[in-house]
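Next up, some structures in structure tokens.
Below are two complexes that have subunit A in common, paired first with subunit B and then with subunit C.
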Partner chain A sequence: SVCKFISYSVGVHKMRDKLRKWREDNHRNSEQIVDVGEELINEHASKLGDDIWIIYEQVMIAALDCSRDDLAWTCLQELKRQFPGSQRVKRLAGMRLEALEKYEDASKQYDSILQDDPTNTAARKRKISILKAQGKSAEAIRELNEYLEQFVGDQEAWHELSELYINEHDYGKAAFCLEELMMTNPHNHLYCEQYAEVKYTQGGLENLELSRKYFAQALKLNNRNMRALFGLYMSASHIAACPKVNATVKKANVKYAAWATNQINRAYQLAGRGTKENKCSVKAVEEMLESMQITMS
Partner chain B sequence: MRMSIKLTTQAYCKMLLHAAKYPHCAVNGLLVAEKQKEKKKDSHSTPILCVDCIPLFHGTLALAPMLEVALTLIDTWCKENKYVIAGYYQANERTKDFRPNQVSEKVGARIAENFSEAAMIMVDSTRFTMGCYEPILAIYDHHENKWKCRDCNVDSFDDWCEAQKITSALLEGRSYESLIDFDNHLDDLRNDWTNPEINKSVLHLC
Partner chain C sequence: MGEVELSCLAYVKMYLHACLFPRCSVNGLLLSSSPAGGAVCVTDCVPLLHTHLPLAPITQLALTQVDVWCAQTQQRIVGYYQANACVSDSSPTPCALKIADKIAEQCNNAVLLMIDGGKMSPDYRVPPIVMYERKDTRWTLKDKHTIMLRQWEETRDIASQLLDSGDHSLLVDFDSHLDDITRDWTNQKLNAKIAELASPANGNV
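Showing the complex of A and B:
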């Protein structure tokens, strides 16, 4: 009947849109992608038009994440058949080898891509990912630095490098990477806030003051960033409690911390409205802020 | 003689659900125990019972500010509920890497300052299965400024059979999709890091 047909294809559209949104947001919700994608591929392939190829790619990567080699293999075969000799498909074949922990074979696969196309950034990044997977952080960092000398505008790479440095507790170099990102993305509140966290972790009065400034900047860019708000509170409180600061600086930071306290309390009140469970969070936050006021004075 | 540590089903299962929710990330969190009323003379016979688990972060664990916020906030919450922070757990990013690192040792030491019998727990992801047939933890004690690994077996659990059965059931049912950690809470304050719904599920299955 006509009605059945309509509800059927609405379902397919919804599933396709879900997959597209997850692709655009770069969501790593692999189990859900496999659930939705596998059904689409198995039952509704004919209704997907040209979208099917990018869906095969997306589902394949998600399938590797879920150890579904059967599904990944199916997707790969379809892509190989449709795009013979494609570098992009070759890279996917390499990723499958990585998932099977066949790192040498995967590396050879990427090397062959790079032989044909030395500027293939995807293959270079996969090689660095292999080093990461093998726990060779120092090498991964070195390769990524070399990569960035050539591809200085690659934000994903700068961010990856900042994370590698943070994991090695090399906060100074992590800060440098985030500075690059902030320069090219001055309106991105997340980079500001992460930079502030790195500075705070580095410690010392100068870094604390810098961290406070960047938490404040992140808040200016997005006044709902709770990490920035908490960060502003913590950094200002620590500066105010520091015996080295003069009375003026102390007074200013007590003010910043008080303002942040207010905002934090407001945010919790707003969030806790109507829910019984959240009352404990609200109370805990109030008490925490009160107890820190005491240590500051 | 060191007091032994025991985990309830709720504590164990929330730890594993946290690790299952983010298989591609490092995760960490805290364990809480009920505050002991008085110090008994032969208190070494009473094990420390970790009754609950508070999942903290996933991804980058080596930054200080949010960890400080979480520790302070959860400490306040503990005081209200007559709990004490008794342990720290961590699962590393790489499956094969289950050794303690600088982060786990630092946070563990910090907790040990307030609770001398604090345990540092590393999750061994190589043995992580849906069936949960064996405990997959390595438990470390703070001893003369070093962390020493002690045996983790079924005796480390209040009721291993129950823990195994319920954790496995919740994994199969994908309960980890609704598990909330402190990171999720910071993303949206309405997300409750005490995980009341999962606690209910655990009770329901008991």
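Showing the complex of A and C:
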């Protein structure tokens, strides 16, 4: 595997830096983390100083993700020994129980953390994750709503809730969550774009116009967001084709759609150069744009 | 209703798609290069999404683009597949039914295929799939005996091999294509690899 190559030819410091970067970026590339982390732990533990503890935590979580209970167990024992009675380690023990699908035991573990510390958000969120894993979406949604009443600034929780609502096809409530996120993160193009997608899905002229506005906003924040570009193209095209709109609105949306078409074509021309690999997808887009132009005029 | 044949290529790519995104629900389209009428031969598939399956814009976009590509390559969309993130429940979600309905409008013996996540381990003797067909207006479970997967063991081994070698990461779904449009959602590269692995085993995949 590619990772083994990295391990042999790169020093301990570089491996440690990689792990740190993945931690900071909150990457869930668990197989890679296990590959690099396991070697560091097994062969270079003495050179890691105090970093070893956070590395044990990171590797343990990654190991659980890859069904490497052996490795997860080793990390957990080291952490238990070093930090006896720690809530943070207790939570990790709970996560291991979750990975083993021992949900009742895991829940009890989190309950005991919450008994000592009722404000422990991590334990509360793990309990909600258990509901999700068991397919109990309605309960997960209810618990998460209660959580957010108390911890209204928790971005991760708002986003999780929006995802749960989308899966339940409750687009109105998903939109509300995304509105919260956009308010507190006005420069995040992904939230704008997701909001636009939800509005588009809700349908109807008013929602389509809103979706077009937010696709455009996402593009303003990041002009390489292809979903936003295609979204702008599609929402503007649909509005222009709608019999209810007046001539001015139609004209404006035809313009937006034409602009988007141009940008899409340029992006694909650029992408199509060099590799012959994606010729098929480039051709498909070209033809699609042509055919939709015809239906619009 | 009728018989459905699932090619090695289609199965392997669907399977790898589910493996590539183990924490997400994934979906895709089933294609046929055979003419309409008689048994449905699923000869290929296009992996579509691993995020926000119920949302409309990207799904519509993907359906349109795949439609265009099919016209260019003499293929037809004959079905839809999905693998749910929650492995304990492999029943079709409302969005699966919706998309399958749309496909059935154009293809009257369309199939809806659910991958059963709980049965995907390499030592499973039977393909981890459940198929539905449209009877009147409802999607009903298909009789297992009308579903054919030629050379199942070779197919299963090819999928395992690609997983072990890490080559499953070559698979590009429509979502990944939108993240980086230089990546090819028709998966020519992966198709070639699968064909390579399939050729010594049998002459007709």
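The definition used in the following text is that the second predicted complex is superposed on the first by the 287 of 297 C-alpha atoms of A that agree within 3 Å, B and C clash if a C-alpha of one lies under 4 Å from a C-alpha of the other, contacts with A are read in each partner's own complex, and residues count from 1 in each chain.
Basically, a contact is a pair of C-beta atoms (placed from the backbone, for glycine too) under 8 Å apart; a residue touches a chain by one contact, two chains touch by 3 or more.
Keep in mind that this is a model prediction, so the values were computed, not measured.
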Combined model on subunit A where subunit B meets subunit C, clash or fit: clash
Which of subunit B and subunit C A:226 touches, first, second, both or neither: both
Touching partner for A:183 - first (subunit B), second (subunit C), both, neither: neither
Partner chain(s) touched by A:247 [first = subunit B, second = subunit C, both, neither]: neither
Partner chain in contact with A:133 - subunit B first, subunit C second, else both or neither: both
Subunit A residues contacted in one complex by subunit B, in the other by subunit C: 28, 133, 135, 166-167, 169, 196-198, 200-201, 203, 211, 226-227, 230-231, 234-235, 267-268, 271, 275, 277-278, 280-281, 283-285, 287-288, 291-292
Subunit A to subunit C touching residues, read off their complex: 1-2, 28, 133-135, 166-167, 169, 194, 196-198, 200-201, 203, 211, 226-227, 230-231, 234-235, 267-268, 271, 274-275, 277-281, 283-285, 287-288, 291-292
Contact footprint of subunit A on subunit C as seen in their complex: 23, 52, 54-58, 60-61, 64-66, 68-69, 71-73, 86, 88-89, 94-95, 166, 177-179, 181-186, 188-189
Residues of subunit A defined as touching subunit B within the complex: 28, 31, 65, 133, 135, 163, 166-167, 169, 196-198, 200-201, 203, 211, 226-227, 230-231, 234-235, 267-268, 270-272, 275, 277-278, 280-281, 283-285, 287-288, 291-292
Subunit B residues touching subunit A - in the complex, by the definition given at the top: 23-24, 60, 62-66, 68-69, 72-77, 79-80, 94, 96-97, 102, 174, 185-190, 192-194, 196
